[in-house]
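Chains here go by letter, A, B and C, matching the order in which they are written, and residues are numbered from 1 within each.
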Amino acid sequence: MATEPLLSLRAVSLRPNGRTVLDAVGFEWNEEVRVCALIGPNGSGKSVLLRTAHGLLEPDEGEVRFEGRPPPGDGLAFEGQALVFQHPSLFRGTVLENLLLVPDPPGRPRSERRERALGMLDRVGLRPLAGAPALKLSGGERQRLALARAWLTEPRLMLLDEPTASLDPSATEQVEQLIGDIRASGCRVLLVSHNLGQAARLADEVVFIHQGRLLERQRAAAFFDCPRTSEARHFLQGALPWQLTTA
Amino acid sequence: MLAQAIGLLQNFESDVVEIVALSLRVSLTAVALATLIGLPLGALVAVARFPGRGAAVVVLNSFMGLPPVIVGVAVYLLLSRSGPLGPLGLLFTPSAMIVAQTCLTLPLIAALARQTVEDAWRQHGETLRSLRVPMVARVRILLWDCRFSLVAVLLAGLGRALSEVGAVMIVGGNIDRATRVMTTAIALEISKGDLALSIALGIVLMTLVFALNILASGVRAAAMLRHGH
Amino acid sequence: MATDHRLIAPARRRLAALAGTMLLAAGLAAAGTAQAQTSITVASTTSTEQSGLFRHLLPAFENKTGIQVKVVAVGTGQALDIARRGDADVVFVHDPKAEEKFIAEGAGVKRFEVMYNDFVLVGPKSDPAKVAGGKDILEALRRVAAAGAPFASRADRSGTHAAELRYWQDAGVDLAAGKGKWYKETGSGMGPTLNTAAGLNAYALTDRGTWLSFRNRGELAILVEGDKRLFNQYGVALVNPAKHPQVKKEAGQKFIDWLISDEGQATIAGYKVNGEQLFFPNAAR
């Protein structure tokens, strides 16, 4: 029996104000891929694609399906997905209170909410800060809290928009480790990243976007070794003048 | 004149205490009711999308500046024995004053809440949609997130209620020992030509208003301290 | 780093909400008419209230009967209107013509005379119209009009205003010519009108009771008094329960009966300001 692909976009175009941001993007999640990196130059449409895949944006043409379902259509994102923004917005309360806001995933009783939240804080290493004001956290801590919040919804697909773009190396390492944990837990990850080294480290597959069009899609190692399209080649050369082989 | 005023306050102590206590009871109750209705109302208008939403915002903002006398006359006609709510027998009682002041501060609180929550929605909207938070919970969370700014909104409403005279005069009747509050007492003393006592009462009123504003600043400062901004 | 004990327990929040609700309920209950005792609403005039008579009179009645009397003090015209709407149980005003009309139209049951005081003409000590010491109010008003001296009128349908207009009419003065010039219509109560008169150094007609308790006299003094025409009669009437069934007719009637009883009349006579009696009881025997 053929199961529905996790995520599928068919000829998705987005043209806000007459400008074409996404141009007939077609994509079907490969069953074997755990982490997929979405890369491309600035303004290529990566973040917009992410939001469209999440159900936050409605395409002008084409359709988006998650696990075979169309978008909920009530302004909410797909059930089963979670998205972490580059600058996550946290609420004016403690770290724990921010997690307690998250609606319970289907099947989880409300009485367990606090326990699950505390457990999640353990997993992301923020348990000692449970009572601290969320708005006073450092950049890396905020990102980990946002990841914790997203993970708490028990998603099947996690979308990450430049998760470490504004973090220092040690914070970046901590977050990358978390992404590894998320991957290991069975949740798929769609990662937008400027950091090509990060993409090479974390991703199984790379999707290259240029001016709203999906130009290339390859296994990560193969892509960085030998990109097929000239745009990708130019991009890689421009972004990193030296060869990418190790983390 | 000032010393005379303070001296008068001491002489009329029990009167003044009664008047101040009633002012606080009426205005605090009114603001509490206005908050119960106005906060969720304002937050809903901020967050929900419905036809006529733009008009609702304009209406709320316009009613913020309702002249107290107009509210007084409207509530008087409602509560008068010859009016629709006459049988309730509320006219010339503190309850009527509470009704009038609730009507007066409700639009203020709702309009300011709407503005505050709308700013918060702009900031947190995508996150709340991403987490699939349903409408009612959205309103609750945003109100909680804005709570320090909302305290300032409440205190603004309370200041307005304590300082108004038009509405409570008309629906309360300024009855000695029953519906006399600070503002109507001041008006009465002025009309009797007793400037010293009106100044004395005015000082009490201003002190209360100042105290409220200091409290508002304190709340904001506490928020800054604890949460960083 | 922050500590676990700062986690807000859900229980504490619920407690705060409960406390808040209780406070709200208490405020509502306390502010509501949760009085066990009966009370009546009496629509009366600002001059009666501002003279301080009620503070002296009402405790005696309340102690004797346990009925609380709530006085709404506005101009006579407004007081009768409030009664017509059924928002008061008793009227206690000083405009016999208006009161008789009130009874005639069935809004009130029966009118009883209670007490009287008198009006006086006050004015600046400099007295530009030269009326001081006179005993004829009509002549005095003629002189004020002739001199074009400023005169502050209540112009608010009160008993005092009604009396004032009668005097002008009897004196044969055409007010239309003076309106906006020397004849100033303040549209307000006795106190504010006297404030205006003091501020403008104008003449004004006032009842003696308000004048005696008025503090902001400026340069004003009593210039004309004692004319029999200046007699100011107060009357009381029960609002007609046939028209407004919720009128508290027993308690209201008790109040009226007490006012015209020996005890009530004596209490009225006993009210003095600076040793001077303000109101003179004259209920029919």
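The rule is short, and it goes like this: contacts are C-beta pairs under 8 Å (C-beta built on N, C-alpha and C of every residue); 3 or more make two chains touch, one makes a residue touch a chain.
The structure presented is a predicted model; accordingly, all values stated were derived computationally and were not measured.
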{"item": "Centroid-based (C-alpha) most distant chain relative to chain B", "value": "A"}
{"item": "B-C or A-B, whichever has more C-beta pairs in contact", "value": "B-C"}
{"item": "Chain whose Cα mean lies nearest the overall Cα mean", "value": "B"}
{"item": "Inter-chain centre distance, chain A versus chain C - centres from mean C-alpha coordinates, in Å", "value": "77"}
{"item": "Chain B and chain C, separation of their C-alpha mean positions in angstrom", "value": "30"}
{"item": "Inter-chain centre distance, chain A versus chain B - centres from mean C-alpha coordinates, in Å", "value": "47"}
{"item": "Interface hub residues of chain A, defined as touching at least two other chains", "value": "133"}
{"item": "Touching residues on chain C, where the partner in the complex is chain B", "value": "20, 23-24, 27-28, 30-33, 41, 46, 49-50, 54-55, 68, 70-74, 85-87, 188-189, 191-192, 194-195, 198, 213-217, 244, 246"}
{"item": "Interface residues, chain B side, partner chain A - complex", "value": "123-124, 126-127, 129-134, 137, 141, 144-148, 223, 226-229"}
{"item": "Interfacial residue positions of chain A with respect to chain B in the complex", "value": "51, 54, 56, 75-77, 79, 82-83, 85, 88-89, 91-93, 101-103, 133-136, 149-150, 153"}
{"item": "Parts of chain B lying in touch with chain C, wherever the complex brings them together", "value": "22, 25-26, 28-29, 32-33, 36, 80-82, 86-87, 89-95, 97-98, 173-176, 178-179, 188, 190-195"}
